[in-house]
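Chains here go by letter, A, B, C and D, matching the order in which they are written, and residues are numbered from 1 within each.
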Amino acid sequence: MDKKALMDKVEWIFVNQMPYNQFLGISVAVLNAERAEIVLPWKDEFIGNPTQKILHGGVISAVLDNVGGMLAAASIIDKLPDSELHTVPSKLATLGTIDIRTDFIRPGRGDSFVASAQLIRSGNKVCVCRMELHNDEGVQIAFGTATYLVG
Amino acid sequence: MDKKALMDKVEWIFVNQMPYNQFLGISVAVLNAERAEIVLPWKDEFIGNPTQKILHGGVISAVLDNVGGMLAAASIIDKLPDSELHTVPSKLATLGTIDIRTDFIRPGRGDSFVASAQLIRSGNKVCVCRMELHNDEGVQIAFGTATYLVG
Amino acid sequence: MDKKALMDKVEWIFVNQMPYNQFLGISVAVLNAERAEIVLPWKDEFIGNPTQKILHGGVISAVLDNVGGMLAAASIIDKLPDSELHTVPSKLATLGTIDIRTDFIRPGRGDSFVASAQLIRSGNKVCVCRMELHNDEGVQIAFGTATYLVG
Amino acid sequence: MDKKALMDKVEWIFVNQMPYNQFLGISVAVLNAERAEIVLPWKDEFIGNPTQKILHGGVISAVLDNVGGMLAAASIIDKLPDSELHTVPSKLATLGTIDIRTDFIRPGRGDSFVASAQLIRSGNKVCVCRMELHNDEGVQIAFGTATYLVG
(Lines give C-alpha, C1' and ligand atoms only; values in the text may rest on other atoms or scores of the structure.)
Protein backbone atom coordinates (compact mmCIF):
# COMPACT_ATOMS: atom_id res chain seq x y z
CA MET A 1 0.00 0.00 0.00
CA ASP A 2 1.19 3.52 -0.69
CA LYS A 3 0.92 6.37 1.81
CA LYS A 4 -2.46 7.55 0.57
CA ALA A 5 -3.93 4.07 0.86
CA LEU A 6 -2.47 3.68 4.35
CA MET A 7 -4.01 6.97 5.46
CA ASP A 8 -7.35 5.87 4.04
CA LYS A 9 -6.99 2.71 6.06
CA VAL A 10 -6.30 4.68 9.26
CA GLU A 11 -9.42 6.70 8.62
CA TRP A 12 -11.44 3.53 8.00
CA ILE A 13 -10.15 1.90 11.20
CA PHE A 14 -11.01 4.93 13.36
CA VAL A 15 -14.49 5.24 11.88
CA ASN A 16 -15.51 1.62 11.36
CA GLN A 17 -13.35 -0.64 13.51
CA MET A 18 -13.61 0.98 16.93
CA PRO A 19 -16.99 0.29 18.55
CA TYR A 20 -16.91 3.42 20.71
CA ASN A 21 -16.29 5.58 17.65
CA GLN A 22 -19.22 3.87 15.93
CA PHE A 23 -21.35 4.86 18.92
CA LEU A 24 -20.09 8.42 18.47
CA GLY A 25 -20.91 8.31 14.77
CA ILE A 26 -17.88 10.31 13.67
CA SER A 27 -16.75 10.83 10.10
CA VAL A 28 -13.45 12.18 8.80
CA ALA A 29 -13.40 15.43 6.82
CA VAL A 30 -9.63 15.92 6.49
CA LEU A 31 -6.65 13.65 7.11
CA ASN A 32 -3.16 14.41 5.96
CA ALA A 33 0.23 14.80 7.61
CA GLU A 34 -0.50 18.41 8.63
CA ARG A 35 -4.10 18.34 9.74
CA ALA A 36 -6.99 16.12 10.76
CA GLU A 37 -10.68 17.02 11.05
CA ILE A 38 -13.51 14.90 12.39
CA VAL A 39 -17.24 15.63 12.21
CA LEU A 40 -19.47 14.63 15.12
CA PRO A 41 -23.23 14.92 14.52
CA TRP A 42 -25.41 15.53 17.56
CA LYS A 43 -27.04 12.59 19.40
CA ASP A 44 -29.22 12.86 22.47
CA GLU A 45 -27.14 10.15 24.16
CA PHE A 46 -24.27 12.66 24.33
CA ILE A 47 -26.10 14.92 26.80
CA GLY A 48 -24.14 15.42 30.00
CA ASN A 49 -26.39 17.78 31.89
CA PRO A 50 -29.71 17.25 33.65
CA THR A 51 -31.39 20.34 32.21
CA GLN A 52 -29.48 21.56 29.15
CA LYS A 53 -28.88 19.97 25.75
CA ILE A 54 -25.08 20.13 25.90
CA LEU A 55 -22.33 17.58 25.30
CA HIS A 56 -20.90 15.59 28.21
CA GLY A 57 -17.25 16.47 28.77
CA GLY A 58 -16.32 12.85 28.15
CA VAL A 59 -17.69 13.02 24.61
CA ILE A 60 -15.62 16.16 24.02
CA SER A 61 -12.44 14.55 25.37
CA ALA A 62 -13.12 11.44 23.27
CA VAL A 63 -13.47 13.25 19.98
CA LEU A 64 -10.42 15.44 20.69
CA ASP A 65 -8.40 12.33 21.55
CA ASN A 66 -9.58 10.68 18.31
CA VAL A 67 -8.65 13.56 16.04
CA GLY A 68 -5.23 13.94 17.65
CA GLY A 69 -4.58 10.19 17.48
CA MET A 70 -5.57 10.10 13.84
CA LEU A 71 -3.14 12.91 13.06
CA ALA A 72 -0.40 11.15 15.02
CA ALA A 73 -1.03 8.04 12.88
CA ALA A 74 -0.90 10.11 9.69
CA SER A 75 2.40 11.65 10.79
CA ILE A 76 3.90 8.19 11.38
CA ILE A 77 2.98 7.20 7.84
CA ASP A 78 4.17 10.48 6.37
CA LYS A 79 7.65 10.29 7.89
CA LEU A 80 8.44 6.72 6.84
CA PRO A 81 10.42 6.12 3.66
CA ASP A 82 8.45 4.03 1.17
CA SER A 83 10.72 1.07 1.83
CA GLU A 84 9.52 0.90 5.42
CA LEU A 85 5.81 1.29 4.87
CA HIS A 86 5.32 -2.41 5.68
CA THR A 87 6.09 -1.53 9.32
CA VAL A 88 3.05 0.74 9.55
CA PRO A 89 0.64 -1.89 10.95
CA SER A 90 2.97 -2.79 13.82
CA LYS A 91 3.61 0.89 14.52
CA LEU A 92 -0.10 1.67 14.57
CA ALA A 93 -0.69 -1.26 16.91
CA THR A 94 1.46 0.41 19.54
CA LEU A 95 0.16 3.95 18.94
CA GLY A 96 -1.45 5.15 22.14
CA THR A 97 -2.41 8.25 24.05
CA ILE A 98 -0.06 8.94 26.96
CA ASP A 99 -1.93 11.93 28.36
CA ILE A 100 -4.54 14.45 27.31
CA ARG A 101 -5.64 17.80 28.72
CA THR A 102 -9.02 19.19 27.78
CA ASP A 103 -10.00 22.82 28.44
CA PHE A 104 -13.75 23.34 28.32
CA ILE A 105 -14.39 26.85 27.01
CA ARG A 106 -18.13 27.04 26.36
CA PRO A 107 -21.16 24.74 26.73
CA GLY A 108 -21.23 22.09 23.99
CA ARG A 109 -24.34 23.22 22.18
CA GLY A 110 -24.89 22.57 18.45
CA ASP A 111 -26.34 20.37 15.75
CA SER A 112 -22.94 19.05 14.78
CA PHE A 113 -19.33 19.64 15.75
CA VAL A 114 -15.92 19.71 14.10
CA ALA A 115 -12.82 18.53 15.95
CA SER A 116 -9.50 19.51 14.39
CA ALA A 117 -5.89 18.75 15.25
CA GLN A 118 -2.49 20.12 14.41
CA LEU A 119 0.90 18.66 15.28
CA ILE A 120 3.06 20.72 17.62
CA ARG A 121 5.79 18.16 18.25
CA SER A 122 6.56 15.33 15.92
CA GLY A 123 9.26 12.98 17.08
CA ASN A 124 10.23 9.38 16.47
CA LYS A 125 8.85 8.23 19.79
CA VAL A 126 6.37 10.87 20.83
CA CYS A 127 3.96 13.27 19.10
CA VAL A 128 2.14 16.19 20.71
CA CYS A 129 -1.07 17.57 19.16
CA ARG A 130 -3.26 20.59 19.89
CA MET A 131 -6.92 20.08 19.19
CA GLU A 132 -9.99 22.31 18.98
CA LEU A 133 -13.72 21.65 18.98
CA HIS A 134 -16.14 24.03 17.25
CA ASN A 135 -19.87 23.72 16.70
CA ASP A 136 -21.63 24.17 13.36
CA GLU A 137 -21.89 27.91 13.94
CA GLY A 138 -18.12 28.24 14.38
CA VAL A 139 -18.28 28.74 18.14
CA GLN A 140 -15.29 27.24 19.90
CA ILE A 141 -16.26 24.80 22.63
CA ALA A 142 -13.01 23.22 23.78
CA PHE A 143 -9.25 23.05 23.44
CA GLY A 144 -7.11 20.00 23.95
CA THR A 145 -3.46 19.02 24.16
CA ALA A 146 -2.41 15.39 23.95
CA THR A 147 0.82 13.40 23.89
CA TYR A 148 0.93 10.18 21.85
CA LEU A 149 3.39 7.31 21.90
CA VAL A 150 4.31 6.62 18.28
CA GLY A 151 7.64 4.79 18.49
CA MET B 1 -33.68 18.76 52.35
CA ASP B 2 -30.78 18.00 54.66
CA LYS B 3 -27.23 17.38 53.47
CA LYS B 4 -27.66 13.62 53.22
CA ALA B 5 -30.77 14.00 51.08
CA LEU B 6 -29.02 16.56 48.87
CA MET B 7 -26.07 14.22 48.31
CA ASP B 8 -28.50 11.42 47.42
CA LYS B 9 -30.07 13.77 44.93
CA VAL B 10 -26.66 14.58 43.37
CA GLU B 11 -26.03 10.87 43.01
CA TRP B 12 -29.45 10.34 41.46
CA ILE B 13 -28.92 13.21 38.98
CA PHE B 14 -25.53 11.90 37.84
CA VAL B 15 -26.82 8.34 37.42
CA ASN B 16 -30.36 8.90 36.11
CA GLN B 17 -30.66 12.41 34.70
CA MET B 18 -27.68 12.62 32.39
CA PRO B 19 -28.26 10.64 29.18
CA TYR B 20 -24.55 10.06 28.54
CA ASN B 21 -24.11 8.62 32.02
CA GLN B 22 -27.08 6.34 31.38
CA PHE B 23 -25.28 5.13 28.26
CA LEU B 24 -22.21 4.49 30.44
CA GLY B 25 -24.35 2.60 32.95
CA ILE B 26 -22.48 3.92 36.00
CA SER B 27 -23.57 3.44 39.60
CA VAL B 28 -22.29 5.19 42.73
CA ALA B 29 -20.54 3.15 45.42
CA VAL B 30 -19.39 5.99 47.71
CA LEU B 31 -20.30 9.66 47.93
CA ASN B 32 -19.41 11.87 50.85
CA ALA B 33 -17.48 15.09 51.31
CA GLU B 34 -14.13 13.26 51.34
CA ARG B 35 -14.49 10.65 48.66
CA ALA B 36 -16.51 9.53 45.67
CA GLU B 37 -16.47 6.17 43.92
CA ILE B 38 -18.26 5.15 40.73
CA VAL B 39 -18.61 1.66 39.28
CA LEU B 40 -18.52 1.19 35.50
CA PRO B 41 -19.48 -2.27 34.23
CA TRP B 42 -17.97 -3.36 30.91
CA LYS B 43 -19.90 -2.82 27.66
CA ASP B 44 -18.67 -3.74 24.19
CA GLU B 45 -19.62 -0.26 22.95
CA PHE B 46 -16.75 1.12 25.07
CA ILE B 47 -14.08 -0.56 22.95
CA GLY B 48 -11.61 1.94 21.52
CA ASN B 49 -9.24 -0.34 19.68
CA PRO B 50 -9.59 -2.30 16.45
CA THR B 51 -8.11 -5.53 17.81
CA GLN B 52 -8.15 -5.48 21.62
CA LYS B 53 -11.02 -5.44 24.10
CA ILE B 54 -9.93 -2.28 25.91
CA LEU B 55 -11.70 0.95 26.90
CA HIS B 56 -11.60 3.97 24.61
CA GLY B 57 -9.72 6.83 26.26
CA GLY B 58 -12.84 8.96 26.01
CA VAL B 59 -14.76 6.55 28.24
CA ILE B 60 -11.94 6.73 30.77
CA SER B 61 -11.87 10.54 30.72
CA ALA B 62 -15.68 10.62 31.02
CA VAL B 63 -15.87 8.44 34.10
CA LEU B 64 -12.96 10.29 35.77
CA ASP B 65 -14.67 13.61 35.04
CA ASN B 66 -17.93 12.26 36.50
CA VAL B 67 -16.43 11.02 39.73
CA GLY B 68 -14.51 14.27 40.27
CA GLY B 69 -17.57 16.37 39.48
CA MET B 70 -19.69 14.36 41.88
CA LEU B 71 -17.15 14.91 44.64
CA ALA B 72 -17.00 18.63 43.84
CA ALA B 73 -20.81 18.73 44.21
CA ALA B 74 -20.62 16.88 47.52
CA SER B 75 -18.02 19.33 48.79
CA ILE B 76 -20.27 22.29 47.89
CA ILE B 77 -23.07 20.76 49.95
CA ASP B 78 -20.77 19.85 52.81
CA LYS B 79 -19.36 23.34 53.24
CA LEU B 80 -22.66 25.20 53.29
CA PRO B 81 -24.28 26.05 56.62
CA ASP B 82 -27.74 24.48 56.96
CA SER B 83 -29.34 27.89 56.57
CA GLU B 84 -27.98 28.16 53.03
CA LEU B 85 -28.81 24.70 51.75
CA HIS B 86 -31.61 26.17 49.64
CA THR B 87 -28.89 27.65 47.40
CA VAL B 88 -27.60 24.20 46.44
CA PRO B 89 -29.67 23.80 43.26
CA SER B 90 -28.47 27.10 41.81
CA LYS B 91 -24.90 26.27 42.80
CA LEU B 92 -25.08 22.85 41.18
CA ALA B 93 -26.54 24.41 38.04
CA THR B 94 -23.31 26.37 37.55
CA LEU B 95 -20.96 23.54 38.57
CA GLY B 96 -18.76 22.75 35.61
CA THR B 97 -15.44 21.24 34.63
CA ILE B 98 -12.87 23.88 33.69
CA ASP B 99 -10.11 21.49 32.64
CA ILE B 100 -9.14 17.85 33.03
CA ARG B 101 -5.89 15.95 32.49
CA THR B 102 -6.00 12.21 32.03
CA ASP B 103 -2.87 10.04 32.24
CA PHE B 104 -3.37 6.63 30.65
CA ILE B 105 -1.24 4.13 32.57
CA ARG B 106 -2.28 0.70 31.31
CA PRO B 107 -4.73 -0.71 28.74
CA GLY B 108 -8.31 -0.53 30.03
CA ARG B 109 -9.01 -4.23 30.31
CA GLY B 110 -11.51 -5.64 32.81
CA ASP B 111 -15.04 -6.82 33.53
CA SER B 112 -15.82 -3.74 35.55
CA PHE B 113 -14.00 -0.65 36.75
CA VAL B 114 -13.95 1.63 39.79
CA ALA B 115 -13.29 5.35 39.43
CA SER B 116 -12.46 7.18 42.64
CA ALA B 117 -11.82 10.82 43.49
CA GLN B 118 -10.30 12.80 46.30
CA LEU B 119 -10.31 16.55 46.78
CA ILE B 120 -6.92 18.25 46.68
CA ARG B 121 -8.10 21.86 46.65
CA SER B 122 -11.44 22.94 47.95
CA GLY B 123 -12.20 26.62 47.59
CA ASN B 124 -15.28 28.78 47.35
CA LYS B 125 -14.91 29.24 43.62
CA VAL B 126 -12.77 26.36 42.44
CA CYS B 127 -12.19 22.72 43.44
CA VAL B 128 -9.38 20.47 42.22
CA CYS B 129 -9.74 16.67 42.34
CA ARG B 130 -7.38 13.79 41.68
CA MET B 131 -9.00 10.70 40.28
CA GLU B 132 -7.97 7.10 39.66
CA LEU B 133 -9.41 4.26 37.60
CA HIS B 134 -8.83 0.64 38.59
CA ASN B 135 -10.23 -2.54 37.08
CA ASP B 136 -11.92 -5.32 39.06
CA GLU B 137 -8.56 -6.97 39.71
CA GLY B 138 -7.20 -3.84 41.33
CA VAL B 139 -4.94 -2.90 38.40
CA GLN B 140 -4.63 0.84 37.95
CA ILE B 141 -5.56 2.00 34.46
CA ALA B 142 -5.55 5.77 34.63
CA PHE B 143 -4.97 8.89 36.70
CA GLY B 144 -6.78 12.16 36.34
CA THR B 145 -6.62 15.72 37.63
CA ALA B 146 -9.52 18.11 37.11
CA THR B 147 -10.44 21.66 38.07
CA TYR B 148 -14.12 22.46 38.69
CA LEU B 149 -15.93 25.77 38.91
CA VAL B 150 -18.08 25.64 42.04
CA GLY B 151 -18.71 29.30 42.91
CA MET C 1 -6.48 55.66 37.98
CA ASP C 2 -7.91 54.91 34.55
CA LYS C 3 -7.59 51.55 32.80
CA LYS C 4 -4.39 52.46 30.99
CA ALA C 5 -2.73 53.56 34.22
CA LEU C 6 -3.89 50.39 35.98
CA MET C 7 -2.43 48.21 33.22
CA ASP C 8 0.85 50.12 33.47
CA LYS C 9 0.81 49.40 37.17
CA VAL C 10 0.26 45.67 36.59
CA GLU C 11 3.23 45.68 34.24
CA TRP C 12 5.34 47.53 36.78
CA ILE C 13 4.39 45.11 39.57
CA PHE C 14 5.25 42.04 37.50
CA VAL C 15 8.59 43.48 36.40
CA ASN C 16 9.74 45.37 39.48
CA GLN C 17 7.88 44.11 42.53
CA MET C 18 8.33 40.35 42.26
CA PRO C 19 11.84 39.28 43.24
CA TYR C 20 11.78 36.12 41.14
CA ASN C 21 10.81 38.10 38.06
CA GLN C 22 13.67 40.49 38.77
CA PHE C 23 15.98 37.47 38.81
CA LEU C 24 14.51 36.47 35.43
CA GLY C 25 15.05 40.00 34.11
CA ILE C 26 11.84 40.09 32.10
CA SER C 27 10.42 43.16 30.39
CA VAL C 28 6.95 43.67 28.91
CA ALA C 29 6.58 44.28 25.17
CA VAL C 30 2.77 44.21 24.88
CA LEU C 31 -0.01 44.34 27.44
CA ASN C 32 -3.64 44.92 26.58
CA ALA C 33 -6.90 43.07 27.10
CA GLU C 34 -6.26 40.82 24.08
CA ARG C 35 -2.59 40.00 24.27
CA ALA C 36 0.48 40.04 26.47
CA GLU C 37 4.12 39.61 25.47
CA ILE C 38 7.15 39.33 27.69
CA VAL C 39 10.81 39.41 26.67
CA LEU C 40 13.32 37.20 28.50
CA PRO C 41 16.98 37.87 27.72
CA TRP C 42 19.38 34.93 28.10
CA LYS C 43 21.27 34.42 31.38
CA ASP C 44 23.69 31.59 32.10
CA GLU C 45 21.90 30.93 35.40
CA PHE C 46 18.92 29.67 33.36
CA ILE C 47 20.80 26.63 32.04
CA GLY C 48 19.08 23.39 32.92
CA ASN C 49 21.34 20.88 31.25
CA PRO C 50 24.81 19.63 32.14
CA THR C 51 26.22 19.89 28.60
CA GLN C 52 24.01 22.16 26.50
CA LYS C 53 23.23 25.87 26.74
CA ILE C 54 19.45 25.48 26.96
CA LEU C 55 16.80 26.84 29.31
CA HIS C 56 15.69 24.82 32.35
CA GLY C 57 12.07 23.76 32.02
CA GLY C 58 11.28 25.66 35.21
CA VAL C 59 12.37 28.94 33.63
CA ILE C 60 10.10 28.20 30.66
CA SER C 61 7.12 27.39 32.90
CA ALA C 62 7.80 30.53 34.96
CA VAL C 63 7.79 32.91 32.04
CA LEU C 64 4.70 31.26 30.51
CA ASP C 65 2.92 31.53 33.87
CA ASN C 66 3.93 35.21 34.10
CA VAL C 67 2.67 36.19 30.68
CA GLY C 68 -0.63 34.37 31.19
CA GLY C 69 -1.09 35.90 34.64
CA MET C 70 -0.38 39.36 33.31
CA LEU C 71 -3.01 38.91 30.60
CA ALA C 72 -5.50 37.60 33.18
CA ALA C 73 -4.88 40.77 35.20
CA ALA C 74 -5.36 42.95 32.12
CA SER C 75 -8.63 41.18 31.36
CA ILE C 76 -9.89 41.86 34.90
CA ILE C 77 -9.21 45.56 34.43
CA ASP C 78 -10.67 45.62 30.95
CA LYS C 79 -14.00 44.11 31.96
CA LEU C 80 -14.70 46.38 34.93
CA PRO C 81 -16.88 49.44 34.44
CA ASP C 82 -15.01 52.66 35.31
CA SER C 83 -17.09 53.02 38.47
CA GLU C 84 -15.59 49.82 39.88
CA LEU C 85 -11.95 50.37 39.02
CA HIS C 86 -11.20 51.05 42.69
CA THR C 87 -11.75 47.30 43.29
CA VAL C 88 -8.81 46.38 41.05
CA PRO C 89 -6.17 46.21 43.82
CA SER C 90 -8.23 43.76 45.89
CA LYS C 91 -9.00 41.70 42.79
CA LEU C 92 -5.34 41.56 41.80
CA ALA C 93 -4.42 40.52 45.34
CA THR C 94 -6.45 37.34 44.92
CA LEU C 95 -5.38 36.64 41.33
CA GLY C 96 -3.59 33.33 41.28
CA THR C 97 -2.65 30.43 39.05
CA ILE C 98 -4.80 27.35 39.65
CA ASP C 99 -2.99 25.04 37.26
CA ILE C 100 -0.58 25.21 34.33
CA ARG C 101 0.43 22.70 31.67
CA THR C 102 3.66 23.22 29.78
CA ASP C 103 4.49 21.31 26.58
CA PHE C 104 8.18 21.43 25.75
CA ILE C 105 8.55 21.37 21.97
CA ARG C 106 12.20 22.10 21.26
CA PRO C 107 15.36 22.77 23.29
CA GLY C 108 15.35 26.31 24.74
CA ARG C 109 18.25 27.74 22.78
CA GLY C 110 18.52 31.44 21.97
CA ASP C 111 19.88 34.86 22.89
CA SER C 112 16.50 36.06 24.02
CA PHE C 113 12.96 34.76 24.11
CA VAL C 114 9.42 36.08 23.70
CA ALA C 115 6.55 34.64 25.70
CA SER C 116 3.07 35.54 24.48
CA ALA C 117 -0.41 34.83 25.80
CA GLN C 118 -3.94 34.93 24.47
CA LEU C 119 -7.16 34.49 26.42
CA ILE C 120 -9.21 31.44 25.53
CA ARG C 121 -11.77 31.66 28.35
CA SER C 122 -12.56 34.84 30.17
CA GLY C 123 -15.05 34.51 33.00
CA ASN C 124 -15.88 36.36 36.17
CA LYS C 125 -14.17 33.78 38.36
CA VAL C 126 -11.76 31.98 36.10
CA CYS C 127 -9.63 32.80 33.04
CA VAL C 128 -7.84 30.31 30.80
CA CYS C 129 -4.84 31.40 28.71
CA ARG C 130 -2.78 29.71 26.01
CA MET C 131 0.85 30.73 25.93
CA GLU C 132 3.77 30.26 23.57
CA LEU C 133 7.51 30.72 23.88
CA HIS C 134 9.65 31.56 20.85
CA ASN C 135 13.35 32.37 20.63
CA ASP C 136 14.82 35.40 18.86
CA GLU C 137 14.93 33.45 15.57
CA GLY C 138 11.21 32.74 15.73
CA VAL C 139 11.62 29.08 16.65
CA GLN C 140 8.86 27.85 18.93
CA ILE C 141 10.16 26.29 22.12
CA ALA C 142 7.12 25.65 24.25
CA PHE C 143 3.35 25.82 24.58
CA GLY C 144 1.42 26.38 27.76
CA THR C 145 -2.15 26.35 29.02
CA ALA C 146 -3.02 27.86 32.38
CA THR C 147 -6.13 28.47 34.46
CA TYR C 148 -6.24 31.56 36.69
CA LEU C 149 -8.53 32.47 39.57
CA VAL C 150 -9.71 36.03 38.94
CA GLY C 151 -12.92 36.32 40.96
CA MET D 1 30.12 1.94 37.35
CA ASP D 2 27.46 -0.08 39.12
CA LYS D 3 23.86 1.09 39.53
CA LYS D 4 24.47 2.75 42.89
CA ALA D 5 27.38 4.75 41.50
CA LEU D 6 25.32 5.75 38.46
CA MET D 7 22.48 6.97 40.64
CA ASP D 8 24.97 8.97 42.72
CA LYS D 9 26.20 10.48 39.50
CA VAL D 10 22.66 11.45 38.44
CA GLU D 11 22.21 13.15 41.80
CA TRP D 12 25.52 14.96 41.43
CA ILE D 13 24.66 16.15 37.91
CA PHE D 14 21.26 17.53 38.96
CA VAL D 15 22.70 19.32 41.99
CA ASN D 16 26.07 20.50 40.71
CA GLN D 17 26.09 20.52 36.93
CA MET D 18 22.93 22.42 36.11
CA PRO D 19 23.35 26.16 36.70
CA TYR D 20 19.65 26.78 37.30
CA ASN D 21 19.54 24.07 39.95
CA GLN D 22 22.57 25.67 41.59
CA PHE D 23 20.60 28.91 41.70
CA LEU D 24 17.75 26.98 43.34
CA GLY D 25 20.18 25.47 45.86
CA ILE D 26 18.50 22.06 45.90
CA SER D 27 19.87 18.96 47.60
CA VAL D 28 18.76 15.35 47.22
CA ALA D 29 17.32 13.51 50.24
CA VAL D 30 16.22 10.27 48.57
CA LEU D 31 16.95 8.73 45.17
CA ASN D 32 16.17 5.16 44.28
CA ALA D 33 14.10 3.42 41.62
CA GLU D 34 10.87 3.90 43.58
CA ARG D 35 11.15 7.39 44.99
CA ALA D 36 13.00 10.69 44.76
CA GLU D 37 13.00 13.57 47.22
CA ILE D 38 14.58 16.99 46.84
CA VAL D 39 15.01 19.66 49.51
CA LEU D 40 14.64 23.33 48.54
CA PRO D 41 15.68 25.86 51.21
CA TRP D 42 13.98 29.27 51.11
CA LYS D 43 15.62 32.16 49.25
CA ASP D 44 14.18 35.66 48.91
CA GLU D 45 14.83 35.55 45.16
CA PHE D 46 12.08 32.93 44.90
CA ILE D 47 9.33 35.38 45.87
CA GLY D 48 6.64 35.63 43.22
CA ASN D 49 4.25 38.06 44.84
CA PRO D 50 4.45 41.80 45.42
CA THR D 51 3.25 41.67 49.04
CA GLN D 52 3.58 38.13 50.39
CA LYS D 53 6.63 35.97 51.05
CA ILE D 54 5.52 33.06 48.88
CA LEU D 55 7.20 31.03 46.14
CA HIS D 56 6.76 32.00 42.49
CA GLY D 57 4.87 29.31 40.60
CA GLY D 58 7.83 28.90 38.29
CA VAL D 59 10.06 27.85 41.19
CA ILE D 60 7.44 25.29 42.18
CA SER D 61 7.17 23.90 38.64
CA ALA D 62 10.97 23.79 38.39
CA VAL D 63 11.53 21.77 41.53
CA LEU D 64 8.66 19.38 40.67
CA ASP D 65 10.14 18.91 37.19
CA ASN D 66 13.56 18.23 38.74
CA VAL D 67 12.39 15.61 41.18
CA GLY D 68 10.34 13.81 38.53
CA GLY D 69 13.21 13.91 36.04
CA MET D 70 15.62 12.56 38.62
CA LEU D 71 13.28 9.66 39.34
CA ALA D 72 12.87 9.00 35.61
CA ALA D 73 16.68 8.82 35.36
CA ALA D 74 16.85 6.43 38.31
CA SER D 75 14.24 4.21 36.71
CA ILE D 76 16.25 4.06 33.47
CA ILE D 77 19.28 2.86 35.42
CA ASP D 78 17.25 0.43 37.50
CA LYS D 79 15.70 -1.35 34.55
CA LEU D 80 18.90 -1.90 32.58
CA PRO D 81 20.73 -5.23 32.91
CA ASP D 82 24.26 -4.76 34.21
CA SER D 83 25.64 -5.60 30.78
CA GLU D 84 24.02 -2.48 29.33
CA LEU D 85 24.92 0.03 32.01
CA HIS D 86 27.48 1.58 29.65
CA THR D 87 24.52 2.96 27.66
CA VAL D 88 23.34 5.06 30.60
CA PRO D 89 25.17 8.28 29.63
CA SER D 90 23.68 8.32 26.13
CA LYS D 91 20.24 7.53 27.52
CA LEU D 92 20.50 10.31 30.10
CA ALA D 93 21.62 12.71 27.38
CA THR D 94 18.26 12.26 25.64
CA LEU D 95 16.15 12.25 28.82
CA GLY D 96 13.77 15.18 28.62
CA THR D 97 10.47 16.47 29.91
CA ILE D 98 7.70 16.21 27.31
CA ASP D 99 5.00 17.92 29.36
CA ILE D 100 4.25 18.87 32.95
CA ARG D 101 1.07 19.91 34.74
CA THR D 102 1.34 21.75 38.05
CA ASP D 103 -1.65 22.21 40.37
CA PHE D 104 -1.10 24.97 42.90
CA ILE D 105 -2.94 24.03 46.08
CA ARG D 106 -1.82 26.54 48.70
CA PRO D 107 0.49 29.57 48.87
CA GLY D 108 4.15 28.51 48.91
CA ARG D 109 5.04 29.67 52.39
CA GLY D 110 7.80 28.01 54.43
CA ASP D 111 11.44 27.97 55.50
CA SER D 112 12.21 24.99 53.34
CA PHE D 113 10.33 22.61 51.05
CA VAL D 114 10.41 18.96 50.08
CA ALA D 115 9.53 17.86 46.56
CA SER D 116 8.86 14.15 46.12
CA ALA D 117 8.09 11.97 43.11
CA GLN D 118 6.69 8.55 42.44
CA LEU D 119 6.54 6.69 39.16
CA ILE D 120 3.07 5.98 37.81
CA ARG D 121 4.06 4.72 34.37
CA SER D 122 7.43 3.28 33.58
CA GLY D 123 7.96 2.29 29.99
CA ASN D 124 10.90 1.87 27.67
CA LYS D 125 10.23 5.13 25.87
CA VAL D 126 8.16 7.18 28.27
CA CYS D 127 7.84 7.58 32.06
CA VAL D 128 5.07 9.40 33.90
CA CYS D 129 5.64 10.73 37.44
CA ARG D 130 3.37 12.29 40.05
CA MET D 131 5.04 14.85 42.26
CA GLU D 132 4.15 16.71 45.43
CA LEU D 133 5.57 19.76 47.19
CA HIS D 134 5.27 20.16 50.95
CA ASN D 135 6.70 22.82 53.23
CA ASP D 136 8.70 22.14 56.40
CA GLU D 137 5.48 21.97 58.43
CA GLY D 138 4.09 19.22 56.22
CA VAL D 139 1.57 21.46 54.47
CA GLN D 140 1.04 20.46 50.86
CA ILE D 141 1.63 23.30 48.42
CA ALA D 142 1.43 21.73 44.99
CA PHE D 143 0.85 18.62 42.92
CA GLY D 144 2.45 17.83 39.60
CA THR D 145 2.20 15.28 36.81
CA ALA D 146 4.94 15.03 34.20
CA THR D 147 5.74 12.86 31.19
CA TYR D 148 9.41 12.19 30.39
CA LEU D 149 11.05 10.84 27.27
CA VAL D 150 13.45 8.10 28.38
CA GLY D 151 13.94 5.97 25.26
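List of remarks:
Note that in this section a residue touches a chain if its C-beta (ideal position, glycine included) is under 8 Å from a C-beta of that chain, and two chains touch if they have at least 3 such contacts.
This structure is a prediction, so every number in the text was calculated from the model and none was measured.
These two copies of the sequence, chain A and chain B, are related by a rotation of 180 degrees on CA atoms, to the nearest 5.
The interface with the greater count of contacting C-beta pairs, when C-D is set against B-C, is C-D.
Chain C and chain D have CA centres that are 24 Å apart.
Taking each chain's centre as the average of its CA atoms, chain B and chain C sit 32 Å apart. For chain C, residues that reach two or more other chains under the stated contact definition are 98-99, 101, 103, 121, 128, 145, 147. If you sketch which chains touch which, every chain touches every other chain without exception. On the side of chain B, the complex with chain C involves touching residues 98-99, 101, 121, 123, 125-126, 128, 145, 147, 149, 151.
On the side of chain B, the complex with chain A involves touching residues 13, 17-24, 44-51, 56-59, 61-63, 65-66, 93, 96-104. Taken in their complex, chain B has these residues touching chain D: 101, 103, 105-106, 120-121, 128, 130, 140, 143, 145, 147.
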